[in-house]
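Residue numbering begins at 1 within each chain, and the chains themselves are lettered A, B, C and D in the order written.
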Amino acid sequence: MTDLPRVTVWNEYHEERRLPEVARHYPEGIHAVLRAGLLAHGMVQVRTATLEEPGHGLGEAVLEATDVLVWWGHRRHADVDDAVVARVQAAVLSGMGLVVLHSAHMSKIFRALMGTSCTLNWRHDGERERLWVVAPAHPIAAGIDRYFELEQEEMYGEPFGIPTPDEIVFMSWFQGGEVFRSGSTFSRGRGRIFYFQPGHETFPTYHHPLVQLVIANAVRWAAPGDAGRKGWKNAQVPPIEPIS
Amino acid sequence: MTDLPRVTVWNEYHEERRLPEVARHYPEGIHAVLRAGLLAHGMVQVRTATLEEPGHGLGEAVLEATDVLVWWGHRRHADVDDAVVARVQAAVLSGMGLVVLHSAHMSKIFRALMGTSCTLNWRHDGERERLWVVAPAHPIAAGIDRYFELEQEEMYGEPFGIPTPDEIVFMSWFQGGEVFRSGSTFSRGRGRIFYFQPGHETFPTYHHPLVQLVIANAVRWAAPGDAGRKGWKNAQVPPIEPIS
Amino acid sequence: MTDLPRVTVWNEYHEERRLPEVARHYPEGIHAVLRAGLLAHGMVQVRTATLEEPGHGLGEAVLEATDVLVWWGHRRHADVDDAVVARVQAAVLSGMGLVVLHSAHMSKIFRALMGTSCTLNWRHDGERERLWVVAPAHPIAAGIDRYFELEQEEMYGEPFGIPTPDEIVFMSWFQGGEVFRSGSTFSRGRGRIFYFQPGHETFPTYHHPLVQLVIANAVRWAAPGDAGRKGWKNAQVPPIEPIS
Amino acid sequence: MTDLPRVTVWNEYHEERRLPEVARHYPEGIHAVLRAGLLAHGMVQVRTATLEEPGHGLGEAVLEATDVLVWWGHRRHADVDDAVVARVQAAVLSGMGLVVLHSAHMSKIFRALMGTSCTLNWRHDGERERLWVVAPAHPIAAGIDRYFELEQEEMYGEPFGIPTPDEIVFMSWFQGGEVFRSGSTFSRGRGRIFYFQPGHETFPTYHHPLVQLVIANAVRWAAPGDAGRKGWKNAQVPPIEPIS
């Protein structure tokens, strides 16, 4: 299963339909490009879901058939239904992987799982970003050399209001003078979470082969292992046995 | 400020008024005994607040005048208003300390800050508990020898559905065969959080001098330092200065 | 490679040849039983090495052909050559996995990698131990229910002088009143390390099917991934490119 | 004690006596300037010790009278006696604080405590460095705004071969395109360790008021608390008491 995780790519799919500077990079939506990237990396079960579908396309059956959920949102975080957020959070805690992209740092689901503000500094000047590999042996960095560059990205800067990550895989340098923990992992319940910063909608970031590689690596890493997805079975219990 | 933090002890104050087996240990409420313990350890500003007060006694002005909030709840987690929970969470993220006691592992505020289920195993047989010091140099363990014992406590057992703690100060052994991370620290935003497991309402746990010592230590540790309490000032920013 | 890691089991192989109470469980040495357990779990390349072989059986060529090294020692830690320790440490930092068993908590290699005392409390009464799964979704716990028991083991108790582990997979309860972080993971350089407490030589612990399962799981987990084993290439560097 | 820790500043004191470009900034040695900075921040017991003193100036009596040791070295790491390193390591594990500066990332004592390579990338072009505060509430960042700058420093870049720090207080941006975890904390045994990157000997870094402030903050933070300095008392133990 780890090699062929069942993936659902979620996107609010808003600005692509309204703004030409977004539509030119993502005419069929960011989710379509993310899906194509995963297919190109050998995954075969990659569905998509968007905000305006019933239940945002994330009904119980979809979540049960999803090993890893990829999430992109920006303008319409507030329109995501709290009941769907609770359902997704429960799925993550029971083992579904979650890959959180770019402006989804402020999504309800990421903030619910982190418990913190998740705020950061930013500047939308389209400057150069270098992503340095801090954890060279991490599977999410497989195939990436010491660093890679994006010619134009939105600057996201520290302090980033997250709990201390389990591991920092990438740290970014921005031309304008900032640094950022741009690729970080978290474990919550049985679920694995990866936050990855690149992906502002006015740039062609998700067409970049190394960005696609990192996201494919992250999906494989976040997929539940052989232990599969099980709920916590905590409950009131008898003493296991008398102590002799 | 660290030496004399301003403390608010919050209690749902429910079973003490209904159940004789609780009232005999806490005739004026668990909060009264917790407050007395903190006063006995030299603190001078210790107020209390309870569920049935307006706004649960946790209005904006109270939180602003609180360096550390101590929280006990059990039966009525669901009756705590979500707006109050959001206010307390914001206060913690901006630097207020939080000491979470016993069954408050399932309180809305603790779960909101952790992002996880916070469930555990339990058995209410009143068996012996030994709390081992795992981090002997931690200030919360100051004055505690290698371990201390409670003759009767409710068993709380692993797995405990929390994110990996920053530090485990105490790990507990239960006579019936379980283990538990019974004293754990977490940092969230600018705030410090300590979860401490002892304190079932049918036992006189909060009268125990070492339990009182640990809670007093925890309050001092969780108080914001000289940096004080400030909000995250993250915002859209100009490039700091041109790069020469 | 992850599924079929090349394993070397190292054992000081001392008491098995001297003490009948050890020899009856391990007539051909602890390493022979550990090797048999790994073979039974489907691994095919499992060699052994012992203290009295030249270079302790851990020459450069052996280490280069080893994905995961399993280490057992007790009485003769001091007899392990410092040059071999340095070689093994370098191999771990470049990606070789290391599984450290029982009394090897005081081995030179474990202490060199931890940087701490690695001391603990102990009592050799052969009492009952229960190992609780604290991280149910961790691959090292795959196939283990909520806990498992050993009828007789040496008690190892907190405080254990190690750095905070990345993850605690198992925590143990001992009949005599102690608790212990009995299964813990650490990352050092590119290498993954698992410490596992069971295995006193006078008990048949390594014949226990669940102990064998945990060790096989740990070997798979500790094997280097697709990124393989590479040295840190840090060095004096020119500016990567002029900043435009 | 925390407010007035007894400090020993150790320096190899080599290049200041040989190279004019170092001597002009540190005519009496780097240790003299570090000491003056600590005195200016209100500390009163600040001694110094250097490589060529007997026992490198770090005899047992000195270590026992030291709450926090500050360490600077570069060219002569190899000349530090292993017995002294072992003594310092034991002192840290029993509670002495350690502040490791700049090129001391490769000192024997830091590498012994970390267990890893401690290597990094570097470039000695004297470019601009910005140190960002990642943990705004950490006492080591007290008095520092969102960031501060050094006009000229040696670039140190990721990947840095250290275990995952407990907390990252500062992350640095370098003009030439790199990032670095420039201020990180570690707990080892009872001791607290802070690594701080600035301080190349050909620049006047340790005269900078904010660098002096950070080092003073770090010394206060690393000082042992009320629990004081005690050895681990781990030993073979009887069962604490019979279980009834």
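By our rule, a residue touches a chain if its C-beta (ideal position, glycine included) is under 8 Å from a C-beta of that chain, and two chains touch if they have at least 3 such contacts.
Everything numeric here is computed off the predicted structure, so don't read it as measured data.
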Q: Could you tell me which chains are in contact with chain A and with chain B alike?
A: C, D
Q: Superimpose the Cα atoms of chain A on the matching ones in chain D and note the rotation angle, 0 to 180, in steps of 5 degrees.
A: 180
Q. If you take the mean of the Cα atoms for each chain, which one ends up farthest from chain D?
A. A
(Q) From the mean C-alpha coordinate of chain B to that of chain C, what's the distance rounded to whole Å? (A) 37
Q. Whole-Å distance, chain C centre to chain D centre, using C-alpha means?
A. 32
Q: Would you please write down the residue numbers of chain D that are in contact with two or more other chains?
A: 130, 136, 146, 157, 159, 164, 166-167, 175, 177-178, 187, 189, 232, 240, 243
Q | For the chain C and chain B complex, residues of the former touching the latter | A | 130, 132-136, 146, 157-160, 164, 167-168, 171-174, 177-179, 181, 243
Q: In the complex, go through chain C and note every residue touching chain A.
A: 95, 128, 130, 136-139, 141-142, 146-147, 166-167, 175, 187, 189-191, 224-227, 230, 232-233, 240, 243-244
**Q.** Touching residues (chain side chain D, partner chain C) in the complex
**A.** 89, 93, 112-117, 119-125, 127, 157, 159, 161, 163-164, 166, 175-178, 186-189, 232, 234-241, 243
